[in-house]
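Presented below is the structure to which this report refers.
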Amino acid sequence: MNNVIEKLFEAKEKKSLTFEQIAKELDRNPVWVAALFYRQATASKEEAEKLKELLDLDENIVKELTKPPYRGKILEDIPRDPTIYRLYEIIQVYGIAIKEIIHEMFGDGIMSAIDFTIDIKKQEDPKGDRVIITFNGKFLPYKKW
Amino acid sequence: MNNVIEKLFEAKEKKSLTFEQIAKELDRNPVWVAALFYRQATASKEEAEKLKELLDLDENIVKELTKPPYRGKILEDIPRDPTIYRLYEIIQVYGIAIKEIIHEMFGDGIMSAIDFTIDIKKQEDPKGDRVIITFNGKFLPYKKW
Amino acid sequence: MNNVIEKLFEAKEKKSLTFEQIAKELDRNPVWVAALFYRQATASKEEAEKLKELLDLDENIVKELTKPPYRGKILEDIPRDPTIYRLYEIIQVYGIAIKEIIHEMFGDGIMSAIDFTIDIKKQEDPKGDRVIITFNGKFLPYKKW
Amino acid sequence: MNNVIEKLFEAKEKKSLTFEQIAKELDRNPVWVAALFYRQATASKEEAEKLKELLDLDENIVKELTKPPYRGKILEDIPRDPTIYRLYEIIQVYGIAIKEIIHEMFGDGIMSAIDFTIDIKKQEDPKGDRVIITFNGKFLPYKKW
Amino acid sequence: MNNVIEKLFEAKEKKSLTFEQIAKELDRNPVWVAALFYRQATASKEEAEKLKELLDLDENIVKELTKPPYRGKILEDIPRDPTIYRLYEIIQVYGIAIKEIIHEMFGDGIMSAIDFTIDIKKQEDPKGDRVIITFNGKFLPYKKW
Amino acid sequence: MNNVIEKLFEAKEKKSLTFEQIAKELDRNPVWVAALFYRQATASKEEAEKLKELLDLDENIVKELTKPPYRGKILEDIPRDPTIYRLYEIIQVYGIAIKEIIHEMFGDGIMSAIDFTIDIKKQEDPKGDRVIITFNGKFLPYKKW
Amino acid sequence: MNNVIEKLFEAKEKKSLTFEQIAKELDRNPVWVAALFYRQATASKEEAEKLKELLDLDENIVKELTKPPYRGKILEDIPRDPTIYRLYEIIQVYGIAIKEIIHEMFGDGIMSAIDFTIDIKKQEDPKGDRVIITFNGKFLPYKKW
Amino acid sequence: MNNVIEKLFEAKEKKSLTFEQIAKELDRNPVWVAALFYRQATASKEEAEKLKELLDLDENIVKELTKPPYRGKILEDIPRDPTIYRLYEIIQVYGIAIKEIIHEMFGDGIMSAIDFTIDIKKQEDPKGDRVIITFNGKFLPYKKW
Amino acid sequence: MNNVIEKLFEAKEKKSLTFEQIAKELDRNPVWVAALFYRQATASKEEAEKLKELLDLDENIVKELTKPPYRGKILEDIPRDPTIYRLYEIIQVYGIAIKEIIHEMFGDGIMSAIDFTIDIKKQEDPKGDRVIITFNGKFLPYKKW
Amino acid sequence: MNNVIEKLFEAKEKKSLTFEQIAKELDRNPVWVAALFYRQATASKEEAEKLKELLDLDENIVKELTKPPYRGKILEDIPRDPTIYRLYEIIQVYGIAIKEIIHEMFGDGIMSAIDFTIDIKKQEDPKGDRVIITFNGKFLPYKKW
């Protein structure tokens, strides 16, 4: 699988394409496309074909991209890279506050991480630009039985 | 410290107040208030005084709330509660994609978790309401020297 | 919280009631009731009131039962008790096969652990009775965006 | 061993066979067949021979399939893939409730994970199809001596 | 539970009884009795009553002894006490050899740890007495389905 | 080293020999021979030479077998294979009881894992054959100084 | 990536250059240059070009050096090398004292590890030379919202 | 010991003293004083007496302060508090670069964490004040023998 | 048990005795006596009686001292205290070299940690006094069978 | 690096030299030489040249031996090999007693593991030869500042 990831990044570099450009071609969000490149998402046949054309991929990579991947092995349990660690720290520091507010607003349940999207925006600011990350997940109430 | 947290929650329950109501009184976001209750944030003297009045708190709790806390010990390394675990899973699955997109948009650096805010909204939807969580953090470029 | 759990088990013992008997009174499944006793589930006000009557519980326990709990802290990461470890071993040995079959039958996605029920039956057998555990969870397909 | 697993999956893909189709040929359950492909189960000589014909396997792979494998090394201790993690979460949240009910129904002992089968069914539902997983294991009472 | 364990050991010490003596009274093996004292085994009502008489136990301890315990939390994952560590080391060094011989003698399966007994004997020897520990467990063949 | 292990198993398979047959040729116990194959034991020159003849081994493997190995790296800390895990579970559940009985019989000290042997027997039984594993280790009393 | 690191060190050795010499050429601090060699920092195009000339690097290595790296995977969680472990020990022993003094001097917040530099000096001393390490990081106050 | 720490902080708060003020009285650095308060350092009798007067301490606390403490248990292995974590992150990201430069400047050896001091300064800066932390440790060359 | 340890240290402090002085009274080595105080060793009845007189101990502590203790739980897996960590570091850095030399001198086997003594001496030296720790353990050759 | 280690051991085996013989040639202790072979120590140019001649080493290995190594990655955190584990167990059981005696003899500080030597001797004994390991490290008192 690492092999597939490597091939995808090489092809992207050779074509000098950004995730944003590829995302436009696929009519998808750049975050999802980057997730696909790391084999954390599955492409439809049409998406895989478009990628093949766009990046001159081999047929076997196209095939790989359409299979449900084994997700989540790509990072350490506690990711040490500072850019990613900050996300982990946010959960350590604010996770339980987020839980309280979700329960106050919605009752007992979770925000789905499956029926779920991420969007990232740049907000320009003279004191330093800001990263705006929006999580949008379906609320799932705990079933009783 | 756990004692302070417990006392705060007891007082909140006695007064039958939600985090949203307390947040309005303090002119703060409910997520920040919940974080304060779990001693993951520090109150100014004014905020602590307002809380004291609102919740009939003891003086020593008011004092505690104005000290920088030891943050982050409140959860397990990998939090097992499903509502919080979903946030962790999002990092495991999409963390590296988020990193790629931040670097593509901003260059080498991080989204600050200190100069940082969280907002949670409810988006009503006939197929199931949705949780919208927005992270807003200053981009910090890696310094060279 | 451990205090609440202890009180519930003491009350159950004092009244000499099984989970099955309590479940009948609440019109719920015994597994869900046992989960409630360990504070892994939330009762409605009506359920909490019925339990109060049935077990002569204090008002504050009734109140506790209606709050969304912090789930999952009750076991070790890898539970050592042999009855529970067997469930863990099943995932270690067959988890990836289950994943393959779910993907073959449903496509890329998961079985929800929230919109989810468990039922346990005894199947009598002269060679040794059998435990039949049935998991019933909604399939959630991975969203693309 | 990873080599054997890889060869088996390549052969399956080349022949465009599902686990269900292979299971029918072997007169076995698809879950068991998927477990066999990941070397978590042992084939009889007859089963291995049938597989050889069906998938054009090399003789040495056939031989490998008939040896008791070293089980359980295939996943991380806490599997991060969301489809498999949900099974782990079920144990974290409901494992102790399952233990209570098993003891209430059968006395002190365990559900065997060896004299044990798994079956997966799809239950169609307009609100979203459901995954039904059934565990069927012999109850083993704790011996005294 | 630790409380129960402590009370049992205090009672045993007060009566100056060895596990061997208690085992004779209960018509059980001393290893099983020691396991019962650490709440790793369950007594029948008769056994609990006999123990009560023998050791002047409180009624609530008698009751506790007849409930299936939460096993295995009593030691660290890798037990550091040298007497117990040697058993762990034996598995680290010889565990895979034991597995090979079990499979060679019995086929694919396990030695049960539930339908299982332990016996310890002293073998006198002028060069140093020897500890003889015998494990006796039912072989369980892996079921296919 | 893994290379040596692999070569030994290939040679054993090519000659279609069981550990029991090899053990007879070397006048050793099959468990010890299996341990030697996994490089958890050291052969004398004579034993290595006999093995060489018996299995047509290369000279460098013969040499390797006579060197004290780095033991114990062959398994995970908590071995996940169910056949080996049962041995680990026995220690988790009964280890402290074994410790108590050793101290009651011999005083303060340990059963050696070095001056130590293992024997495995099959005890036929109409209700299911039984695995009999016997540990025989010298008792070592704690020295005072 | 390890490949890139290796190539950089080989080139440095071939040219017999110290980090200090390379740092002078790049007009950077030697610590930053060593971090760059271990792919814990990102070079500008100009810096990468200068390095290319200085060390006769391949074009693809030059390219690699300008990409934001996955930081922090290079060490164990608790680094065992004694030279590095001493830094870890300093945090274990004095980390909480440093936190107290930062809060006393600056209020609630952190020293940035991104807007941050390190300098190392040698202080000659007849009783043994001394290592002087200076951390210089921007103070970031915790934002409220 | 935690009791001693708590008492010291209570006394400090009652007297409304900063570490800087106490440090001046003891003629010591504030970082060392904060370390002493967390029982990571040992006071001389004179220092302990001065502290006693300054903070009205009990005699037994004075005595405790003069005993070599069990250091380092005060934090988690990987400290989660963001102010302290940044120090840990610096080691993860730059630790190996620091090692390289120490070896380049001094040869094979370490910076002592025992013959060692820490100083913290505030550097005012219109773009945001800066934290300056200086480590000063004796270089210890590796002995050969 | 911690209670016993605490009482022993309090009694030692009250009598203002060093381990060396106590060791002389018991005709034992100070290291062994300190180990006894931490319940890592077992006293004979005579030794316990002498200690009782020397330190005015309660009868139940005397009794505790004569029972084989549960050893090794007193430290973290990797002890963080710098004085103890250095011993751990010695094993990390030189452990495999010690193993090689033991095998070269004695053949395949171990140095016993049971039939074993420790002695600590102070070697005065103008460049700094030296700690001399001597381990003396019986060599145990690996048994074959 | 593992490559260098392997080459050194192959060369040593080819020349049939013991560590003791090599140590004599280098005028060093065999433990230090074994540490050098595992790249836990650094050779001077002269020592590296002597080794080159003695063992017919390649120039690049000679060069490697003169560089400060990354120490300590060679073993697991808790080394499982029984010969090495006994050293670890000694720390677990007696480490805190050693700490007490060092503080009693020297005051607050550590035994250096850098200004440090190890010597191993064989003491012949009719009841079984004994391994004598002597650690000799400079005492470093904790600095105050």
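Note that the chains are named A, B, C, D, E, F, G, H, I and J in the order they appear, and that numbering of residues resets to 1 at the start of each chain.
Operating definition for what follows: a contact is a pair of C-beta atoms (placed from the backbone, for glycine too) under 8 Å apart; a residue touches a chain by one contact, two chains touch by 3 or more.
Just so you know, these numbers come straight off a predicted model, no measurement behind them.
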item: Between A-B and B-G, the pair joined by more C-beta contacts; value: A-B
item: Furthest chain, CA centroid comparison against chain B; value: F
item: Interface residue overlap between copies chain G and chain J, same or different (over half shared); value: different
item: Separation of chain F from chain H, taking each centre as the mean of its C-alpha atoms, in whole Å; value: 50
item: Chain centre separation in whole Å, for chain H relative to chain D (CA means); value: 54
item: Chain A and chain C, separation of their C-alpha mean positions in angstrom; value: 32
item: Residues of chain F engaged with two or more neighbouring chains; value: 32, 68, 70-72, 78, 80-83, 85, 89, 92-93, 96, 99, 103, 109-110, 112-116, 118, 140
item: Touching chain combinations (by label order); value: A-B, A-C, A-D, A-G, A-H, B-C, B-D, B-G, B-H, C-D, C-E, C-F, D-E, D-F, E-F, E-I, E-J, F-I, F-J, G-H, G-I, G-J, H-I, H-J, I-J
item: Complex contacts: residues of chain C adjacent to chain A; value: 28-29, 32, 41-42, 68, 70, 96, 99, 103, 107-110, 112, 114-118, 140-145
item: Interfacial residue positions of chain B with respect to chain A in the complex; value: 18-20, 30-32, 34-35, 37-38, 40, 71-72, 74-75, 77-79, 81-84, 86-106, 109-113, 115-116, 118, 120, 122-123, 125, 127-140
item: For the chain H and chain B complex, residues of the former touching the latter; value: 13, 76, 80-83, 85
item: Residues of chain I that touch chain G when the two form their complex; value: 78, 80, 82, 85, 89, 92-93
item: Residue numbers on chain H that touch chain I, as the complex places them; value: 63, 68, 70-73, 113-114
